[in-house]
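Once you scroll down, you'll see the structures, which are given as structure tokens.
Paired with subunit B in one complex and with subunit C in the other, subunit A is shared by the two complexes that follow.
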Partner chain A sequence: MTQRNTSLARRMAQALVACAVAVSMAFCVGVALAPAGAQALTTNKATARPNEQGGDGVIGGENTRLTWEGTVDAGEQVESITLSLPEGASFDGSTTRITVLEGLNRVSVDGTATPAGDTLKVSFATPIPEGSLLRLEVTDMKFPEAGGDYAVGGSYVNQAGQTEALNDSPTVSVIANTPLQRVVTWLDGQAWVSAWNSNAFLGMFLKPQLIVTSLATLFPGWLLCLLIVIVAYPFAIALGLAFAFMKMSRHKPVRAIAIVYINVLRGTPLFLQIYIAFFGLPMLGVNINNTILGIVVMAINSSAYLAEIFRAGIESIPVGQYEAAASLGMNRSQTMVSIILPQTVRRVIPTVTSDFIMSYKDTSLLSSVGVMELMMFAKNLTTVSGNITPYMAAAIFYLIVTLPLSKVVGNIEKRLAHAEKGTGPRPKTTGEATENA
Partner chain B sequence: MPRKKHVSVDIPEVPPALSAEEAAARAYEHDKPLTKHSFESHEHPIVRIEHLNKSFDETLVLKDVNLDVWPGEVVVVLGPSGSGKSTMLRCINLLETPTAGHILIEDEEITGSGKTDVNKLRQNLGMVFQSFNLFPHLTAKENVMIGQTKVLGKTKEEAEREALVQLDAVGLGDRADFTPAQLSGGQQQRVAIARAVAMHPDVLLFDEPTSALDPELVRGVLDVMRDLAENGGMTMIVVTHEMGFARDVADRAVFMEDGVVVEQGLPENVFDHPENERTAEFLGSIQAK
Partner chain C sequence: MKKNARLAVVVACAMTALLAVAGLAGCSGSSTGSSASSSASTSSYTLVNAGKLTVESDLAYPPLESVNAQTSKPEGFTVDMLSAICSKMGIELNYLPAQKFDNIIPSIKQGGKADVGASSFTITDARKQEIDFTDSYMDSNQGIVTKADSSATTADALNVEGMKIAVQSGTTGEEWVQENLPKATCVPLDDTIGAMNGCEAGQYNAVVADLPVMSYMCKNSYTDLKVAKEIPTGEQYGIVVSKDNPGLTAAINKALQEIKADGTMDSLEKKWFGQTL
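Here is the complex of A and B:
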């Protein structure tokens, strides 16, 4: 704080002096120069080096390297320059490298950088000559934690001691420093993490920092996988049921349609079906949203498998059930709805759940056609980070759905076995049991 | 696939359907059989089977079967396995479609013309199967309720009340919430009987109701059937080899062999003094067991 105050005071003093000089100058020669009005030190660019673990973003509140470049126009020389960033940025603790290019020649210039909170003043031992390119590389500075688009502004002092404003640089996009980011930063600093990562396998497949970032980055992809399969499945069930009944139809053409549908879809890879849909439809001028098309392809593919599951399920119901229903005077649809389908549902739940698990895993194939699902995110993150850990994180996302579901299948199968044998809990009898009477 | 060999079988042509007047007139054509049942005057048979033929593919399994069953009568049908007993029973409620002949239920022809409402007909003809055929996904009570609600259009409350009455009647009031798998075979068959009776049919058809049961469970089922016959006044056609039940409860015994009714009459006459040689042989074989 004290440092900031003193530096502020110093700057104000400098500004006053500069003002006085500028005013007198203006009276003498300034009139001639003024109409030009041109920027005498033009900011070319300002960029920051990505500091995101396994990514290419610039995170606020984390050390990064700011590169600022400007051109000294003709008739101007620069004594010192002050870069400034909005409140919250910090140059404190940074080191600055000065590069001056006159044409293609590198000119050696010494200077001292004085960080002061969100400003950095660099005073040059010798003024930067006119027409040269000035580059400042400020290592270990920080952008504001909040994130946003930040322009580097500031001022400079020319050979005449005048202080001139710098035009704002193009903005640098800065990612807000999230709790996740802080976790990663914290992990970066842990000794055990370094030790862990020094193991070739662990560091490549299970890098802790990347596990954390991957889980966060892959999350939307996981949601999309779930969305695709959860939206697709009810349609698949309805379609599957329809084709199951068609395959059991008394009419040969109807049966034939169902048989072709089921056999073609089950007899070709889903991967191929995805390619045909995603590349074929646009050729016909049909452009459907990727996610919706993905849902449609998954639904159609699953429906063929479900049709066979349902058909087998319905056909496994003994003929005596139909006869018993008929003997009560039930018609075909009453028999189906009240007697056959409820029993079929019980029988096919385990198989259908297994098929659901398959479909959920198979959404990964949609990454090949640009659907932003789990695999797509994992692939991107692996490409950027050069590390396999994002794939491991993807595995976790698949498993947190498939493992509990497999367990559910197992439990249902056990319950069904009990129900079939009549073992398991019984309801209370209201009176004395009448075993053989 | 090789084409089916064409074998010519002597299957009679399906005769034209009877008009209502014709059907009514025919009711008097037959002599009343020897039966314990006491007739009211001018009574019509509730089930009339005339020249019934049924073939599966090329095999004729029912050959000109004639049988009348009178309201309130209990008829026991017996005969060797494969003689066509089940097929005849299933033709009565059209689980099988007769190839030729007439079946009249309460003077209404159900064969020939296509205008019979099969579902309506079956409401009136309860059937009890050898293998119970309870609905395994429903409790005993729900098994008895479902026909009432879905077919008769009763409310849940009405159906439930009736179901509990019928389950009580077969001695299973305390097992209303058990699923079939939690019940013994005998209990399951009693639920199946309750299910059929709850529809208040005019005729009950039993197809070997006790032959899938362990011997110690048979009596409970037969007691229920006896109660239905003696106290319920139910018309029953019972395919069974339970001689004791046949003697005590049946009004008439019918012996079938090879798709033909070979002999019929009072149970004790048929059992003790069979006129037909095959009947005697068959009775000997089951009594030897």
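Here is the complex of A and C:
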């Protein structure tokens, strides 16, 4: 209670400071001030609900909800109240909920709210009794588009019919409108958008407004996905190649290590490996940055698959190639580097690509351990909006990479196949004839 | 030319699939349920399962709605109240397994799964744009819960950088924290029980949720937590019904009036809160 009294006292002091403003405001409303009227309806607070998509700011020019609270002092009753905001704000199209409380108990009071531009007049069917708390929740009002700190002022009419000025509320910080929000607002107003959204399926899975905000909100997550997989993959290839050679080694212990490594990693779900790395390591006191740890886990997981792909690729090269190299006097490593591996690359490109695509998609599993990647953003936005569209936007982001990649690799493969089969440009028959001669 | 033809086939297939799914979704939204002409009510309404009022709730909000630990059946004030309403309407009460709170309104709006959502939903104008509410059945306020020995118990003390306030995702408590404690970090969780556990374990500095539930939990299960501050918000709970089903809203309102008039409501309030409200 003392807490409340001191805060009341502080607000009374604020009221004095704001007196000049309040007086001028009262004149704006166009009513005579009662002489030296004691403040009998004290403004407690004014807050606005954050309306920034995927953020916690209050954006001007967009619908938000203003909550205004005031206490009716002893000996006073309030017949009606007018809230006013600086020019540019709009109460038009808003709805108002009136709550009157005595302590924690609700007092039933009806009223009508009449919005008019930057003012809102609320008339009560029965006067608000003394000592009670009045709360007005104005849904779908707008703050000025320019942004800034705004105080709610206005006036009220007491039981004697006198109009008194309200002291200014603490200010509400409003940020300026963003282009993204403007697009969303524009979409809100389109008839085809409402028609589209009225279909239960389209409205839930492909809501245009949410597609726009999702694409913008998910973008950093997409970049992180790309970063993780692009950084991880070279390491995965190097590790994979190393383990492929180890598995083909002549020494049994080396082979055993490679076999265990490959089989354990391929035999357990990536999800489990992520959990072990992200929850196990911190318990050992090893604290690595989440993104780096994500890259490490992805690289290690991929390397096991790549090792098998490379081994199969290398073993698929006919023995004749080794013999031919040997007959030219090449040693084993020379044979490997200049004869076998170049041919292997050609053969493994399709499988390595599908593994790359798989790894890229598997970064989504990192969302479960708090890496702020694509799925994490999509999940958060879905929780906030109660709509599935952010997931569809995430699908678009995955496909942007995977579809062109499949296409490009298809082309490379075709070209390599041509080169291998020798269907590329060949010497003309005449040239061949001279060569033979 | 050949390539274009192939592309056309692929596009056609994709469109067909999309339309088929859309069609299915549309069907499930409109054709389910039957007109309850047998009901005592004159207004007609549709039900997802004929003769049953199918209810979605998060069932983690004692004493309003929760799952009984022994019987695994839903129990609480809202459950008893709905059961009384159903018997007035001449239909059965059927609770679905617990749902995530913030999925209930989208699910009711989508339709096809349940008839009503009853999870202590405060009637707000923003929610009213999505779905219909029945008349209010109970008044409520918000409460801040902290550890019993905590010193940061006021709104001012909690509105500090680094403070973690746990809330249930999608609730008016979450809105209150975002609006009134902008400097603190608001942590939205799936249910209030998780928030209370986290606060007890010291992960969060406070929990903000509906006062009746907070008082009950602090008294009965979380004895080292306390209601540090009561926030008068004067919220009113309503039952969530789809906008496509105004007959059901009217029928529930009528039954609600009846159980208020015949004293059933008072006895339920006594049973669950120890007093009439």
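Operating definition for what follows: the second predicted complex is superposed on the first by the 252 of 437 C-alpha atoms of A that agree within 3 Å, B and C clash if a C-alpha of one lies under 4 Å from a C-alpha of the other, contacts with A are read in each partner's own complex, and residues count from 1 in each chain.
Please note the rule applied: a residue touches a chain if its C-beta (ideal position, glycine included) is under 8 Å from a C-beta of that chain, and two chains touch if they have at least 3 such contacts.
In this text, all values refer to a predicted model and were calculated from it rather than measured experimentally.
Q: Could you tell me if A:Ser338 is touching subunit B, subunit C, both of them or neither one (first, second, both, neither)?
A: In the superposition, A:Ser338 contacts subunit B only.
Q: After lining up the shared chain so the two structures overlap, which partner does A:Leu133 touch, if you call subunit B first and subunit C second: first, second, both or neither?
A: In the superposition, A:Leu133 contacts subunit C only.
Q: Going by the contact rule set out at the top, does A:Leu328 touch subunit B (first), subunit C (second), both, or neither?
A: Touch partner of A:Leu328: subunit B, not subunit C.
Q: When the two structures are overlaid on chain A, which partner does A:Gly386 contact: first (subunit B), second (subunit C), both, or neither?
A: Touch status of A:Gly386: second partner only.
Q: Can A:Ala419 be said to touch subunit B (first), subunit C (second), both, or neither?
A: After superposition on chain A, A:Ala419 lies in contact with subunit B alone.
Q: Between subunit B (first) and subunit C (second), which, if any, makes contact with A:Val100: first, second, both or neither?
A: second
Q: Using the superposition on chain A described above, determine whether A:Arg49 touches subunit B (first), subunit C (second), both, or neither.
A: Once the two structures are laid over each other on A, A:Arg49 reaches subunit C alone.
Q: Can A:Ala191 be said to touch subunit B (first), subunit C (second), both, or neither?
A: After superposition on chain A, A:Ala191 lies in contact with neither partner.
Q: So which bits of subunit A does subunit B touch that subunit C touches too?
A: Subunit A residues touching both partners: none found.
Q: For the complex, which residues does subunit C have touching subunit A?
A: These residues of subunit C touch subunit A: 21-22, 25-26, 29, 102-103, 105-106, 110-111, 124-126, 139, 141, 154, 169-170, 175, 178-180, 182, 186, 188, 211, 230, 232-236.
Q: Help me check something: in the complex, which residues belonging to subunit A touch subunit B?
A: Answer in residue numbers: 318, 320-321, 323-331, 334, 338-339, 342-343, 346, 419-422, 426-427, 429-437.
Q: If you look only at subunit A, which of its residues touch subunit C in the complex?
A: Counting only subunit A, the residues touching subunit C are 3, 45, 47-50, 56, 65, 67, 95, 97, 99-101, 103-106, 133, 135, 137, 139-140, 199-202, 204, 383, 386-387.
Q: Can you list the residues on subunit B that touch subunit A in the complex?
A: The contact residues of subunit B facing subunit A are 93, 95, 119-123, 125-127, 129, 131, 133-137, 139, 146-147, 150-151, 171-184, 186, 192, 195-196, 199, 216-217, 219-220, 223.
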